[in-house]
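Next up, some structures in structure tokens.
Shared chain: chain A. Partners: chain B in the first complex, chain C in the second.
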Partner chain A sequence: MKKILIYIFLSLAAITFLYPFYWMIVASLSPESEIGGLLFLPSEFTFASYTQMFSKIPIGRALFNSILVATLTTTGVIAFSSMVGYALALMEFKGRNVIFYIIIFTMTLPFQITLIPNYITMVKLDLVDTYAALVLPFLLNSFAILLFRQAFLGMPRALIDAARVDGCSDLRILFQVLFPNIIPTIVIVGILTFMNSWNEVLWALIVIRDESLMTMPQMVTLFSVGGRAESQLGVKLASAVLLALPIMIAYSFFQKYFIQSMASSGLKE
Partner chain B sequence: MPEVKLINIGKTYEGGMQAVKDISLTIKDKEFLVLVGPSGCGKSTTLRMVAGLEEITTGDLFIENEKVNDLDPSQRHIAMVFQNYALYPHMTAYQNMAFGLKIKKVPKAEIHKQVMKAAEILNIEDILQKKPGKMSGGQRQRIAIGRAIVRRPKVFLFDEPLSNLDAKLRGQMRIELAKLHKKLDATIIYVTHDQVEAMTLGDRIVVMNQGEIMQNATPMDLYLNPNNKFVAEFIGTPKMNFIKGEILKIDGELFFKNNHFLFNISKVNNQQLENHIGKEVDLGIRAEDIYAEVGNLENYGKVHAQIVAIELLGNEKLIYSELEEHQLVAKFSAEQEVQIHTTIDFYFNLNKTYFFEKENGKRIN
Partner chain C sequence: MKKKKWLPYLFVAPYLLHLIVFVAFPVFFSLFLTFHKWNIISPVEYVGVANYTRMFQDRMFWKAIFNTFKFLLIHIPLQLIFALALAEFLNQNIKFKGFYRAAFFLPVIVSGVVVTILWQQLLGFDSGLINRLLVIIGLEKVGWLIDPNIAMGSIAVMATWKNVGLYVILFLVGLQTVPPSYYEAAEIEGASHWQKFRYITLPLINPTIFMVVILSTIGGFSLFIEPYIMTGGGPLSSTLSSVLYIYKQAFEYYHMGYSATLGFFFAFLILMVVMIQKKYIETND
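What follows is the complex of A and B.
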């Protein structure tokens, strides 16, 4: 009996989360006139909102930009953060712990604090309105460094010694010996980074003006609130669906790792 | 001639901890040298310095007349076998063995030849495609040894390779290692805390304690002629018995006096004892040199003590008794009738006794 109550409660909670998504998708496929109601199913399905959206904004280009930026950022974070994590976990040098604590400290700083200095840096480097502006500031990530460091600390020391005797350089140890053994960590870092990069809108709004370089969230935001959707709700919703879709697909594939990452956060000592 | 020379080697860690103090040692070509000692004695650190995995703080290390202090492990022509095998978990046995050669860019055909040769020596051809996770401890250790053989090193380094195996397998692998040494004609430095392993495997044994060499000798020499109390106690099972006492000279004859007994040690062939008259010393005697009956003993001392425990080992038994603060252990044949909690006479063969200075444990002889 108690179990049934719990299930009912959880189901209701799940519905409150799922319904807005469901509504968004269904509404984007409904004729414009029917969107107002809290409908379950429209009288007919139509792709009118989508075709309109494609004709109004270069959403295809934005999708490409988003994928490019997110992929570059993710690859960069995995490569560079793992190197830093490796150094912090396995190399001995003076000030190692101090550096580690400083890196951890940066996790407590909200992005908004570094927003202006970062922007000024981009201006000085003449990188405004380039892909580099979207990728460079995100290539290192303290959380990813922490995750990698912990993963490397968990590896047996002798494994690294054996690799050294076999003649491996540090880079080879990292990528050929350790990487194949920390795949869950890599996947977690990959998903989190990809998601963060995909959803980043504020930074893109600041450093990108050129429409051909805009990412999806930026494009959709400008489109929805910038007036070009001409208060057509269906078109706005269609763009929102397109924005959410890749993440939802990725989530369904990597769900197992994703929940693991949220549950453990890699904070095993 | 791959000869390894350690000259005044020392290791001091950050913070001042001295793990190894000024060790000098030569490992001859084709020699099986065992470094043995209790944990924390610096034996593994010494081995890791030879391997190049640990920086040498002071001193010089030569392998085949080449100073290698500043060379990377891979350039020292060594191969190492680790206690926990340290196989790459994501690679098959074959790939594990081939990895080092692959990095050296050895041609594939040559790698294959070397791996198959090593696999044949170790009898592991049938598990080459397995990953370490699917192997038993013994198989993993074989692969780890195979990985070392494939490198064709000048010196093999073994860091407690058998400690993770169960007792039966350990005995088996010990014999195989001894055979392997003959087969490969290799120079081996082998670290262990197990004195049985050291005694059975080593051509020569170096006993270490607190970062220093206590004695460097052949197994039998260590057993029969320990330099000091530490070595006497460390080598041999059960441990050597030690009894505190004093050397006295009465009527021109030498005696070893304890609260319980007085041994006449005039006939003990030891000129140095004369120099320790009136001094406190430790008398050492091995379990097998204590008897239940006089038998053929000519030069003996008698001790009266109560039996507190008996361990039957099959063909022999260990008799434990207590003498004040000393615990005595004697090794009798299994036929010898003794009852626990009874008091009996123990006969010490005084010709097989050792004497050690009380202050520093140095042997008096």
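What follows is the complex of A and C.
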């Protein structure tokens, strides 16, 4: 009896989380006139909202920009953060502990304080309306550094020493000997970085004005609040679906890794 | 051997460069800006503490703080209760665990932009899904986003819906660290379900509760895209959030000095609130 109540409660919760997404997708495929009364299925499916959206905003270009920016950022974070993590874990040098504490300390710094000055830096470096503005500030990440450091500390010393004896440089040890052994960490950092970059919208709104450089979330946001959707629900929802879809597809394949990544980022405090 | 000396510095050089340009410099520059007036184009003008006095007399600034605390007051308890309840149920011996977990987690990975556009429709006054359901069961329509007394609450509920899946997972991790032997011992003593939860589970997952409160607080102070898309800060500025106000001062009026002052103060406030929470929650157990 108690079990049944638990199942009912959990199922109601699951519906609460899933149904709105179902509704959004079906609504984006419904005739505009039916969205207001839609509960489960429209009388017919239509791509009208999507064709209208494609004719109104360069969403294809925004999709390309988003993929480019997220890929560059993710590659950069994995390369640079692993190098710093490697140095902190396996190299002896003066100032190592200082850098470690700086990393811990800066993690607690609220972004509100750096937002305006960073925008001014972008203006002064002439980077407003460039891809660099979307990528550079996110290229290093304290949390990723700590994850890599932790992973490298867990590596068997013998593996590293053997590679040294074979005459491997540190870069080769890092990227060729150790990387294959820390795939889970790379996946976690990769998913977190890609997702954060994909979903980042405040910074994009600040540094990008040129429509051809806008990423998906910015484009969809401006489309939604600006007048161009002409208060048509269908096109707004279609653009939201297109923004959600890539991450949702990735989630359906790598669900476990997504949950693990996000949980580890929550546990950092 | 000699070249080895500088190699570690080469490895950390990108980090140091990034630290200087995007963290250290901005913090000091931010402090500098709080004593100046600047619209980026004309020369910087020293104004002493004028930005600070203006801030404390600015009704919109107090409104934004009030709104943020209102958000937190609704959001944090909701978040804790639902996350803990869902985690506790998922932690029982039940089937389809993976499915439930995946369902709860879905809004977490989706962009806030998507969630906001979606909920804007759900909360719409005339054709919004929630009001339509209310009418079906014979209740009055509610002005979820157009009533100044309710709008911030609606956003807090939406934010809970978006984030709760993450906290379910964090609580699950916490619950699994409780040794089963504790429960067994309590059962022998004849403890009820509630007693076990109250006197064993709650104290032991206190660190997770603390974490959820902190993360929700930081989230509340970072609230931006939700009011930006849904309400533009309205009605009657009832959903004007701290970050939205910084954004408006900086990019609608180009008051760089003043918006930097706001940013500086909000950052300080977040650290203060987190420290108070830390003290309170940790001594509470």
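Simple rule for what comes next: the second predicted complex is superposed on the first by the 260 of 269 C-alpha atoms of A that agree within 3 Å, B and C clash if a C-alpha of one lies under 4 Å from a C-alpha of the other, contacts with A are read in each partner's own complex, and residues count from 1 in each chain.
As a convention for this text, a residue touches a chain if its C-beta (ideal position, glycine included) is under 8 Å from a C-beta of that chain, and two chains touch if they have at least 3 such contacts.
The model shown is predicted, which means the values in this text are computed figures rather than measured ones.
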Which superposed partner A:24 touches (first chain B, second chain C, both, neither): second
Contacts of A:181 with chain B and chain C, given as first, second, both or neither: first
First, second, both or neither for A:164, with chain B first and chain C second: first
Partner chain in contact with A:41 - chain B first, chain C second, else both or neither: neither
Partner chain(s) touched by A:172 [first = chain B, second = chain C, both, neither]: first
Touch count on chain A, higher of chain B and chain C: C
Touching partner for A:120 - first (chain B), second (chain C), both, neither: second
Touch list for chain B against partner chain A, complex: 48, 51-53, 72-74, 78-80, 82-90, 99-100, 103-104, 147, 151
Of all residues in chain C, those that touch chain A in their complex: 5, 7-9, 11-12, 14-16, 18-19, 21-23, 25-27, 29-30, 33, 40, 85-86, 89-90, 92, 94, 99-114, 117-119, 121-122, 126-127, 129, 132, 161, 165-167, 169-170, 173, 210-211, 214-215, 218, 221-222, 224-225, 228-229, 232, 242-243, 246-247, 250-251, 256, 259-260, 262-264, 266-267, 270-271
Interfacial residue positions of chain A with respect to chain B in the complex: 156, 158-159, 161-168, 172, 177, 180-181
Residues of chain A that touch chain C when the two form their complex: 3, 6-7, 9-10, 13-14, 16-18, 20-21, 23-24, 27, 35-37, 39, 80-81, 83-84, 86-88, 91-93, 96, 99, 102-103, 106, 108-121, 123, 136-137, 139-140, 145, 170, 195, 198-199, 201-202, 205-206, 217, 220-221, 224-225, 233, 236-237, 239-241, 243-244, 247-248, 251, 255, 258-259, 262-263, 266-267, 269
